[in-house]
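Look for chain A in each of the two complexes below; its partner is chain B in the first and chain C in the second.
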Partner chain A sequence: MSKVKCLLCPRGCELGSGDRGDCLARMNVGGKLQTLVYGKPCAVHVDPIEKKPLFHYLPSSSSFSIATAGCNLHCMYCQNWEISQREPENTRNIDLQPQEVVNQAIAAKCRTIAYTYSDPVIFFEYAADTGRLAHKNNLLNVWVTAGYINPGPLKEAVSFVDAANIDLKGITEKFYETVPKGTLKPVLDTIVTMKREGVWVELTNLVVPTYNDTKEDFLRLCDWIVENVGVEVPLHFSRFWPMYQLKNLPPTPEETLTLARDIAISKGIHYTYVGNVPGHKGNNTYCPMCKNIVIARRGYMILEYNIVEDKCKFCNHTIPGKWQ
Partner chain B sequence: MKDRLFIFITIILVVLFVASVLENILFSTSLEEYSGTILFERAKRVENDTSGILIELEQTGLQPREADYYQVMDE
Partner chain C sequence: MLKRKITRGEFLKTGFLGALAFLALPLLRIFNNRSNVSQKDARYYKNLAG
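Let's turn to the complex of A and B:
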């Protein structure tokens, strides 16, 4: 029986007959690579889009969110490890074919379908078919991804992905080798490609004590963003909570997240947020021109909304995003 | 009579409680046990028995289908 090489992600798993990919969701069966998770999500929820987090994309709207088992990264702090680090036969799945995902999203009055929780890369075929059907039904597609994907499938993905929150988990190869067990370069390439191809991109950096929380880390991360995708890409610094293999660490101190945000602002990044700390001033969107709050939030909840069409109500400055 | 019944039920409850605590301490080290999810046995690797693998996977409720983005390698 033939070996196959998976070309979906940078891992490039070479699989003998009966072997399974590193993601646990793909398997060589008799010389043909099979996806094991098509139409079989293990998580289906209706979430506020702010939970992705996307703060500049259809605020206050609901997003029909799906995930399957498996992942092509293995983050030591994974918040969803019970589905992401499991074989699909070991999670509780439901049968939900693409048309049914779209039907349920419409019935739930969602404007978007989010492919999230694990990583849409590993259920690519399912996400692609669902995404194209979603477009035919006037729904938009949101990917919440680590961006660990090869250029070929990425080129196909940008044809149906409308918005993405991409995890930029760290800014050194060493961090990617240690914590998510991957490599940094493909992630950076994905961010640049998605932005260039017109996908609405927001970035998330989960700040993990002792792993990626130094001033130098934040400076380097912000420098890369400014240089490669510009100051208008929203950046979310998210608080780590002890989980999975990193239960020994404390939650990220609020001061560290404030420092990260201050550094991003000093580097000229216009929209910098602090996540998982309800009530932090970094929950809000500020107009970079007049400095007024254009969207006041507490966690995922919007308390005040001062954007008219796509402009700041106070000074008429354009705030980038998709607001309606 | 009532007292004896009460003592009997109490003893049963204490035994069950101790058993569940011991079970958690002794057997909860693996990822599978920790989550408490009932597991299917992972589809076994069976060389040259592809229909067997597919049947096993389908028995777990999955519906494998051919993936995009791969290449067949020379032997």
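Let's turn to the complex of A and C:
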């Protein structure tokens, strides 16, 4: 029987009959490419939207969060490897069709549905149907993604994705080859496309000791952001915790994250955060004009809120984001 | 080495208690109302990042 080629992500798997894609979630069944995870999430939670992390999008609202098994990247440090690096038959799944996801999100008083934990790219059909249904029911869609997707499906995705946190895991092809086992270029293209098409974009860089934690790495990453998407895109430097195949490394030292944040600020990036370190000054949002704290946070918790409509309460400067 | 011979009564009593424990363990599981999610599953369903 002839091979089929999956056009969803840059891996472009060519699958013989019965073969499974690199993401473990798609298969050639009798000459037809099929998703194995439609309506079968293995994780369903109600999370604060700050956990995604999205800091400029409906703050302190709840997000109905779903994920299926599988992933098209294979990060050595994956924090969710128990679901992302497993076949769907080896996770505990529940049957939750798109209409039911929407019903449960409404019942849980969520304003958004987040497609997260693994990567919505690999459960594209499920995320697309759910996303369109969500719009009909006044819910918004949030993608938490590595952005490893082809331009065709991405064009379709931007029609129903409202906000995204995109992982910019590193800034060299070498890093992408070694750690996530992918390529950098498609990720950069996704970030630019989503921003251009009006999706609210925030970026996350997980800082891994010895892999992407040098001053040069941070300088390059910030330069790329400033040149290609501008200084208003929020950037989260997140602390790595020893996991999966990188248990031998220590957690990211706080000083490294502070250095990364300082470099981003020196490059003019207005909203730079430090994640997974509760109590760090980088948990807060500062007004770039008057430097006052406009949102004080501890981890995901909001302690103080000084934005009126979309403006800093102290100096009236507009803070980009969706606040209501 | 055991000096004293085990009496028939002692033998039956120990056997009876052993059998009771053997039967009771699965019964305890049936009446235990904890969910059947394993500790490992419970951990990863609760602590997912993102």
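Methods note: the second predicted complex is superposed on the first by the 324 of 324 C-alpha atoms of A that agree within 3 Å, B and C clash if a C-alpha of one lies under 4 Å from a C-alpha of the other, contacts with A are read in each partner's own complex, and residues count from 1 in each chain.
The criterion applied here is as follows: contacts are C-beta pairs under 8 Å (C-beta built on N, C-alpha and C of every residue); 3 or more make two chains touch, one makes a residue touch a chain.
Small disclaimer: the values here were computed from a predicted structure and weren't measured.
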| item | value |
| --- | --- |
| Touching partner for A:38 - first (chain B), second (chain C), both, neither | first |
| First (chain B), second (chain C), both or neither touched by A:287 | neither |
| Chain B versus chain C as contact partner of A:19, first or second or both or neither | first |
| Touched partner set for A:168, first chain B, second chain C, both or neither | neither |
| Touched partner set for A:27, first chain B, second chain C, both or neither | first |
| First (chain B), second (chain C), both or neither touched by A:152 | first |
| First (chain B), second (chain C), both or neither touched by A:92 | both |
| Of chain C and chain B, partner touching more chain A residues | B |
| Touched partner set for A:82, first chain B, second chain C, both or neither | both |
| Touched partner set for A:122, first chain B, second chain C, both or neither | neither |
| Residues of chain A contacting chain B in one complex and chain C in the other | 82, 92 |
| In the complex, chain B residues that touch chain A | 31-32, 35, 37, 39-40, 42-48, 50, 53-54, 57, 60-73, 75 |
| Footprint of chain B on chain A - complex, ascending | 1-8, 14, 17-19, 26-27, 29-40, 81-82, 85, 87-93, 95, 124-125, 128, 150, 152-153 |
| Residue numbers on chain A that touch chain C, as the complex places them | 43, 45, 51-52, 67, 79-80, 82-83, 92, 116-117, 144, 165 |
| Contact footprint of chain A on chain C as seen in their complex | 37, 40-41, 44-45, 48-50 |
